[in-house]
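What follows is subunit A paired twice: with subunit B in the first complex and subunit C in the second.
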Partner chain A sequence: MSDVVIQATNLSVDVQSKQILKNISFQVLKGEVLALLGGNGAGKSTTIKTFLGLMKPTSGDVSLVGVSVPTNPDVVRKQVAYLPESVMLYGHLTAIENIRYFLSLSGKQKSDEDIAVSLKRVALQSSSWHQPLSGYSKGMRQKTAIALALLRDAPILFLDEPTSGLDPVAIDEFNRLINQLASQGATILMVTHDVYGACHVANRIGLLRDGELVGMFDAPAEGNIDSEVVHKAFSQGSEA
Partner chain B sequence: MNFLDVRRETVFLLRKKSIALLLLAGFLLASFSVWTGSVDVAQQHQTIERLLVGDSVDREEVTHKHHDYGYIAYYTFHLTYAPPSPLAFAALGVRDIYPWKHRVRMLALEGQIHESDTPNPELALAGKIDFTFVIAVFSPLLLILLLHDLRASERAAGRHDFLVVTARTRNSLWPLRTAILMVALWLALIVPFLLGCAVNGVGIVDVFMISAIVLVYLLFWSVICYLVARLAFPAPVLASLLLGGWLLTTFIIPAVGDVVIEEAYHGPEGGNILMTQREAVNDAWDLPHQVTMDAFLETHPQWQGKTQTTSLFEWKWYFAFQQVGDEKALPLAIAYQQTAEDRYRAAGYIALLSPATLLKRALTHWAHTDAPAAWHYEQQVRAFHAELRQFYYPFLFNGTPYSEASLADRPVFTPYKNTER
Partner chain C sequence: MSNTVLTVARDEWRYWQRSRLAQSVVILAFLLAIASVWVTHTSVSHSIDQRQHQQAESEAVFEAQPDRHPHRMVHYGHYLFRSPPPLGSLDPGIDAFTGNAIFLEGHRQNGATFADRKQASGLTWLAKLTPAFVMQVLTPLLMIVIGFGVMTREREAGTLEFLKVQGVSPFVMLAGKGIALAGAGMLILLPLFLGVCLTLLDGAAVVPALAFLASYVIYMAVWIGIVLLVSTLASSNSSSFGSLVVVWIALCLIVPRIASNTAGVLVHSPGKLETDFAVLKQLREMGDGHNANDPAFKALKDNLLAKYKVDSVEALPINFRGIVAQQSEADLTKVLNDFAEQQMTQQADQAAIARQFGWLSPMIAIQNASMKLAGTDLENYHRFLREAENVRFDFVQSLNKLHAEGMTLEQDANKYKSQAAKKAATVSADNWQILNDFHFTPLPPTQRFANSLLAMTQLVISLAVVFGVIFYAGRRV
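Showing the complex of A and B:
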């Protein structure tokens, strides 16, 4: 039995006659973290949305644990936790109420203790747990969303610019959490333009440029990365 | 979808101030309409009670004052009425346009009935704010406000995709939210109605039927809102689309339909009937008695040989020309009624394009406050008036000596039971 959990096969996605993704293929194995790097408009978010069943492939296929997403979106979503770049949880609800609401929406029931543990893991101050999210900073909202993702116990995580808005300490905490989840068997696909951050958490890094997967390599040890790689990832406009 | 889903979304949605305010507005509107409808119906009952008492007093006075069948027939008024059904408080219908009470005399009847014209009231929605009006006109508006931005607001807040991906099943999110808001609005509207039913003594079948009709109507609009809310447009665009549809079907189509029907179906006016009958009656004063009696005998051959008169004024001649006046106006009255029925039928076709009008027709039909109910009452009045003539004619044409005791057999109007439910 293959350990392939996330798979894109010859994936192309057109939006209003414009080709956003161009025949990309990749796999993510169980317990692996793959970071897709690219500049604005490279197709990073489109890739994630296609895996979430929010966009349909024009050609090719995406599958999770061997199940085609376009034909079975409801089936595969049950195994997925998704963390958008700027998740807007409900402002009139507190962090705990938001978590309870979204857990219930996903069909999960967790105890107050579990929720407290998760909120502590993301280092959200306990004094704010019962405050409406409308008074939260972007970083605090993001921490709440990360706590929620952890509580989902999903074997597959899709992270869209997950550290956006977090302070350096929180980013460090987040990276540790991701590594911990991966070591426990979670399979993670994250898209980011934070090259250095990606090197800290990912096992492999894919380079997306103008909808094409132009490179795939193992993340360098110690998080050091060649400046040429950074240049390749973000120079799509100037090289055209 | 399970009970936990329903509880979660219900608690979540009802915590939103905008939703709570809209539901409160629906509840207050429905309460106001039920209250005004109940007051209106109570006033109709009071009017009937008052008129019944006055009618009885008048009749006694006439009986004591006159000792001649002709005078008594001439001066005695008889109250006819169609009491409001218990459900009328919720659907006042056309009772403010069509008469529901007449104090008739033995004189020519058609003029008494057609003192005023009745247009196409079922297409004139801007009337009293009764429960039917609140449901037909306001409830879609409230639903549109509740549902138009179901997804658009989440999209604008950047939550849409997150919600979709997180939801355990497709039905546990948007369809469930739509259903909960629809049921919440239905409850907000129907609770005042149920209280009104309890106060007005409405039967359980009527309560069930009206509640079900209202639910189906809200379901129809909810499906429309749900489908439109799926479109990936900003909330103001979606609201404009839905409000346009509401305006078109609720006001524009009935208004245009009214104009088209008025143009398509022509018939005599009530005033024509009144004038024809009055002219016939007035002309009779100048005609030889025998001319009137000959015309009368054509429809009442049983009085052959008993129509001769010996003085300038005799009651049998007077009431005979009243009868002849009615008969001259009868073709116009039939044409008038036929036109009204044709217009009503055509309005039914227009209603197929206007859910609000269709609902109004259904509720007023169920409450016996629609045009056919009014026509039925008219026929009751005609039948009662014919009974009066049948009662008095033998005394008048046979020259029976007056006996007050015989008046005990005089017909008394009995309102049709269906109007009382």
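Showing the complex of A and C:
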């Protein structure tokens, strides 16, 4: 299908003889947001790392826009923006320097104005823009990383616990941003513990439990979250 | 070179600039290098002037001696001084240990004396912080301090993974980090470059000077490669630093010691006492050159009597004592030269074995390349010893010839009987003009360059191996 952007086909990943992902298959269409929910060790981050080419499938395949990631990691990475759970930016650089450095490495040219707009969109206080990241809180680092992801103009976003460390206002702002990006055609795969946040931003929700995709359903409409159902499924996954 | 590589390199420099430790180390290394070049160049330039002055003075003092018996002048002796070659101001090599002056006299081959290291007191070691020592031993250590974390820092912070996701290949990262380290290395090498320029102004030959500089650039590149490789393979900053220090200790301290010990074991070289006794034993069998009646010279006496058709040495037209002195000196010199050559061959063989360890340690390779190109290696020292011996033999035999031809046997034999007899047994001071100006010159530039090729090859191979392994390791990052 031409609209399929992110696709996992019978994906299994073993790490040191332990099966982390067990034959999972799913796809995300263009402009869609899929949230994978699951407890610790369910395989959420492994799924994202496999799509980023940081881990290799033991069997099966993962592809982005029809291009197999394991065989063409450098090709597909050019279309991807990644927001890690633990933000990996340089402490000795300021927010603006970090953004400039990473954009420069990925061959993107952005004006000072573009960067300022992006930092304002993630609500990072302008007084901190020129301070080294070593003095930032986790939330401020997260906002910087989100701003960078936005500036990359990537059509595909992978978000690993994106709202971790953000205050409620910033979370709302972030959710709005995700919806906006999706409406502009970005395809997003996020993994999270945040059930309510996922329900707010995702079109569909997948449930991962012990490396198996045990459920996939449409996210309830905003304001009409059947939290009990999601909670129940999520809790079962955690207990397993 | 791609912009991405330069961007990574620039960021590394920016990190060093903001990290006080790295910045301090780069500044310290630069200052250390520039101080060592300046101090050593000044000191060696002073030594050159001093030795040239001493050489001229020694010749003048010898030539100013009054009318004397020639054999007294044989024992009066004469000094030869070795001026360091221009590149010796950057690498004094073994000159600092072997001495730079030789006292020439009859019947003896003296060793070189006045070695800088033997004259230095314990507290003056810093004054001998030569550019070669700084570049060969200290700079690698400083490069380790600067660069041990270039890759492990990214790994520990998680940025390595993040960079890969941005589409930055590990090779781009490695190239960028390598260029950053190379920049620091070149900054530290800059004083050496200036030092080489100074030696060119001092008259150093161009080919060895450029090869000298190139060998240090390659050596620096090898260490940059080692730092990059270990930082790439290590899992953390601490393991990278620890491993690099172990590598430095092994390559700069342990392997050179193993090399010299192995050479000493494989090629036995008798000690000085053992050699002196062996020489003495042979010399005793040859007779005493001061005693014309020694039975050892009977054949010489018979031949001369037959040649001049006379029946006693008194009837010879030449002074038989002088002839004996000449013959004795020639025989003795042959024995001394045989021992000296044997010893030099052993030393050269030992050095050749030690040089092979340059395949294991780039420090041994650069040490050899540097000394050979500077003209301060063992081979050049042996050249000095041989040249000095030639001068000694010529000057002693010239005096012995005067002894044989400048007086009769009767005058010579009666010289202690009275003041008048003593005066009669002298030759004019005009005869002391037998010394040629001595200026030691190391091997020709092309020869020095050719001699350094093994060590240069070792350095280039080390570089290729290190970067080959980096390429392999880069695929696994």
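Quick note on the criterion: the second predicted complex is superposed on the first by the 221 of 240 C-alpha atoms of A that agree within 3 Å, B and C clash if a C-alpha of one lies under 4 Å from a C-alpha of the other, contacts with A are read in each partner's own complex, and residues count from 1 in each chain.
FYI, contacts are C-beta pairs under 8 Å (C-beta built on N, C-alpha and C of every residue); 3 or more make two chains touch, one makes a residue touch a chain.
Keep in mind that what you see is a predicted model, and the values were worked out from it rather than measured.
K.L.:
Once both complexes are superposed via subunit A, do subunit B and subunit C end up clashing or fitting?
P.N.:
Because the two structures are overlaid on the shared chain, the partners are seen to clash.
K.L.:
Touch check for A:89: first (subunit B), second (subunit C), both, or neither?
P.N.:
both
K.L.:
Of the two partner chains, subunit B (first) and subunit C (second), which one does A:105 touch, if any: first, second, both, or neither?
P.N.:
A:105 contacts both subunit B and subunit C.
K.L.:
Scan A:162 for contacts with subunit B and subunit C and give back first, second, both or neither.
P.N.:
Neither partner.
K.L.:
Could you say whether A:78 touches subunit B, subunit C, both of them, or neither, answering first, second, both or neither?
P.N.:
The answer is both, since A:78 touches subunit B and subunit C.
K.L.:
In the superposed arrangement, what residues of subunit A touch both subunit B and subunit C?
P.N.:
52-54, 74, 77-78, 80, 82, 84, 86, 88-90, 92-93, 101-102, 104-107
K.L.:
If you look only at subunit A, which of its residues touch subunit C in the complex?
P.N.:
Touch residues, subunit A against subunit C: 52-54, 74, 77-78, 80, 82, 84, 86, 88-93, 101-102, 104-107, 132.
K.L.:
Considering the complex alone, what residue numbers of subunit A touch subunit B?
P.N.:
49, 52-54, 74, 77-78, 80, 82, 84, 86-90, 92-93, 101-102, 104-107
K.L.:
Could you list, by residue number, the parts of subunit B that touch subunit A in their complex?
P.N.:
It is residues 4-5, 8, 12, 15-16, 157-159, 161-170, 172-173 of subunit B that touch subunit A.
K.L.:
With touch defined as at the start, can you tell me which subunit C residues reach subunit A in the complex?
P.N.:
For subunit C paired with subunit A, touching residues are 3-4, 7-8, 11, 14-15, 18-19, 157-159, 161-169.
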